[in-house]
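As written, the chain order gives the labels A, B, C, D, E and F, with residue 1 at the start of each chain.
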Amino acid sequence: MSNRVAVYRKEHFNAAHRLHNPDWDEATNDRVFGKCNNPNYHGHNYELVLKVTGEPDAVTGYVMDMKVLSDIVQEHVIERFDHKNLNEDTVEFKNLNPTAENIAIVIYKILRKIIEPEFDLQVRLYETERNFVDYPAN
Amino acid sequence: MSNRVAVYRKEHFNAAHRLHNPDWDEATNDRVFGKCNNPNYHGHNYELVLKVTGEPDAVTGYVMDMKVLSDIVQEHVIERFDHKNLNEDTVEFKNLNPTAENIAIVIYKILRKIIEPEFDLQVRLYETERNFVDYPAN
Amino acid sequence: MSNRVAVYRKEHFNAAHRLHNPDWDEATNDRVFGKCNNPNYHGHNYELVLKVTGEPDAVTGYVMDMKVLSDIVQEHVIERFDHKNLNEDTVEFKNLNPTAENIAIVIYKILRKIIEPEFDLQVRLYETERNFVDYPAN
Amino acid sequence: MSNRVAVYRKEHFNAAHRLHNPDWDEATNDRVFGKCNNPNYHGHNYELVLKVTGEPDAVTGYVMDMKVLSDIVQEHVIERFDHKNLNEDTVEFKNLNPTAENIAIVIYKILRKIIEPEFDLQVRLYETERNFVDYPAN
Amino acid sequence: MSNRVAVYRKEHFNAAHRLHNPDWDEATNDRVFGKCNNPNYHGHNYELVLKVTGEPDAVTGYVMDMKVLSDIVQEHVIERFDHKNLNEDTVEFKNLNPTAENIAIVIYKILRKIIEPEFDLQVRLYETERNFVDYPAN
Amino acid sequence: MSNRVAVYRKEHFNAAHRLHNPDWDEATNDRVFGKCNNPNYHGHNYELVLKVTGEPDAVTGYVMDMKVLSDIVQEHVIERFDHKNLNEDTVEFKNLNPTAENIAIVIYKILRKIIEPEFDLQVRLYETERNFVDYPAN
């Protein structure tokens, strides 16, 4: 068995969003997205959990310094999305529906370029306490 | 000592909002409200806890049937604010800044007219897990 | 201002119960108590929070040793109600409807005789995360 | 790497149960199941988390509409078990010990027939905050 | 009824401590403080909730800007106690037993000098999820 | 598909620790470990979740009696680390930096010798609500 450990760091951001497909008429948008299609947006306290998997360093005992991971997430994710309207204020969701699934994929792609490739990465995003997603799935 | 019991019921709603004073210039709004002044809004998962205080009914053992309380809150508060933009979609916050303090006061005033006067009422509103308010204060 | 501090200790127990009034016919019981009237019972993970208020001892810095408080609650409350059917297995609820309100009052009366009178006592009982009660009410 | 995302939906139900093997004498039942063998039952607030894994739809951004998933779980699981005595009121546990393990397997089998086969399914069941199970195991 | 609202801000810090009375022999310390008397210390994740009560400002809708309150607590409390040994690294607990009760009183006295007198102040301190205190008591 | 179920049991302990490498000078220790290098230690409420995977027994419906698992963890882990200074009071961390990663590996190795080999074992350790680890990683 390998010595790999998964380390997790939880961060959060608050944002407004709207689920909407501009290629559909309003009736279809309402049928598919329901209250989430409200044209003036609604919002969430998003809880974000990053999972980084690797071997602990023999000297420090760290897979990765959680302070460093937290700083990376703050700079590249939280600064970008916190207290923002995902549809209006971000380039990532100008043409991509900001479902929890898509937000998790976007965050994964941002961090995957920064977290060194020797580490596996997974993103969990809580839209509410009762609705959450993992990307990539186990 | 009286026999009064407080019963609590927790509900939730998701909404977008913006903190902004239209009488101020942008620099003042930014200084006072910071990121919460984002013109395109941000949002929260609001957790709402209603506290109703009274004597339990000698026959049922209930201060108030929590199912009845939940239905009242659903009809008069959740339907009104859930998946809404508080600034744009509600009459209550057209001219009132939707701070947690003001949202709690508004919800209290809505429910105070409906909950029978023999009961005391208090509203707790969580804007995030780390920021929350009570109205009226103990 | 006095130097009084409130100390809280959280315990839990699991129990079955049924809400039912034997003086009513089934239709009335169903109308008033709904699913909680199921004749074969349902159950809960009850979370119990004791609040004891007094002045910290000048030497120990304790209002009351939380270990002592926990032992008292274990002996007098948890042993009595944990993994029990409140209606069938306890004398307290043989003729008293085991609503959250009544369970809190019963627990208060049990502990009030044991906790020394120099301390104030309050019982909070969570029937679920969303339904809970305080006795006596503030 | 595939584009698969896991989406999770949390629901809850309250139920009474008893752990008991009718082929054993009382002493053996007491030794094996302890307080959980109480003949008059005890109960729990069960928290249920469904995990559905698949590729997000390119148009909606959903793996599966969480509202649809929630409705399926309400209709097929919550209606069946909420406010019930698992041993007495359900066919599933007439001859099957309602341990957390078995309840999770039963819920999985119910939902596996309904959730379309392109999706993977996993059930997590919390019997208490401190005891929980996954089926199938990762 | 006044228009007073209570606003709450939650912060946290991690610290080591030991409960010990230097005027007692070891047997007495062990009897009174048990495992908490370990000479090499143990530690906790302390959760701190500040409650500030006042009237919301008519213009901003704030009782007090939570960002300002958070900054005050960070500067005067968290900087002082986070990742510290309360007995060894702080002047406050050189000669005062760092029970939850005493830590809450110390934090209250620090903040009471800084929070303007028009506001009421209360400190809640969680030593663990199951043991917590309020000062001053309601 | 096999019939394997994962069962989880949550326990907790409170401990003091310090992150430090005796082969480094203080400047290097401070740069790498920051506040966690405080020479007088700090501490945490550690939450420990054991995951045991196997097939439920056909007669009992248990993968493993959670009471038995809890007793094993109490005896072999909690007794050893609760209310201790990990660096000073334990042999395991005399020469091993007590990072969350290393604590999880140590606990895994202790329990792996005791939990029967037919069961898979995984350890999750929460150092804080926001920092946690799994060993072995999935």
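Following the convention adopted for this analysis, a residue touches a chain if its C-beta (ideal position, glycine included) is under 8 Å from a C-beta of that chain, and two chains touch if they have at least 3 such contacts.
Small disclaimer: the values here were computed from a predicted structure and weren't measured.
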{"item": "Shortest chain-hopping distance from chain D out to chain F", "value": "1"}
{"item": "Listed pair (E-F, C-E or A-B) duplicating the D-F contact set, over half by residue number", "value": "C-E"}
{"item": "Centre-to-centre distance between chain D and chain C (centres being mean Cα positions), rounded to whole Å", "value": "28"}
{"item": "Cα-centroid distance, chain C relative to chain F, in whole angstrom", "value": "34"}
{"item": "Chain D: positions in contact with at least two other chains", "value": "129, 138"}
{"item": "Interchain pairs in contact, sorted by label", "value": "A-B, A-D, A-F, B-C, B-E, C-D, C-E, D-F, E-F"}
{"item": "Chain E residues touching chain B - in the complex, by the definition given at the top", "value": "1-11, 53, 56, 59-63, 65-67, 120, 138"}
{"item": "Chain F residues within the chain A interface of the complex", "value": "19, 21, 32-34, 96-102, 104-105, 129-138"}
{"item": "Parts of chain E lying in touch with chain F, wherever the complex brings them together", "value": "12, 14-17, 35-36, 38, 40-45, 82-85, 88-89, 128-129"}
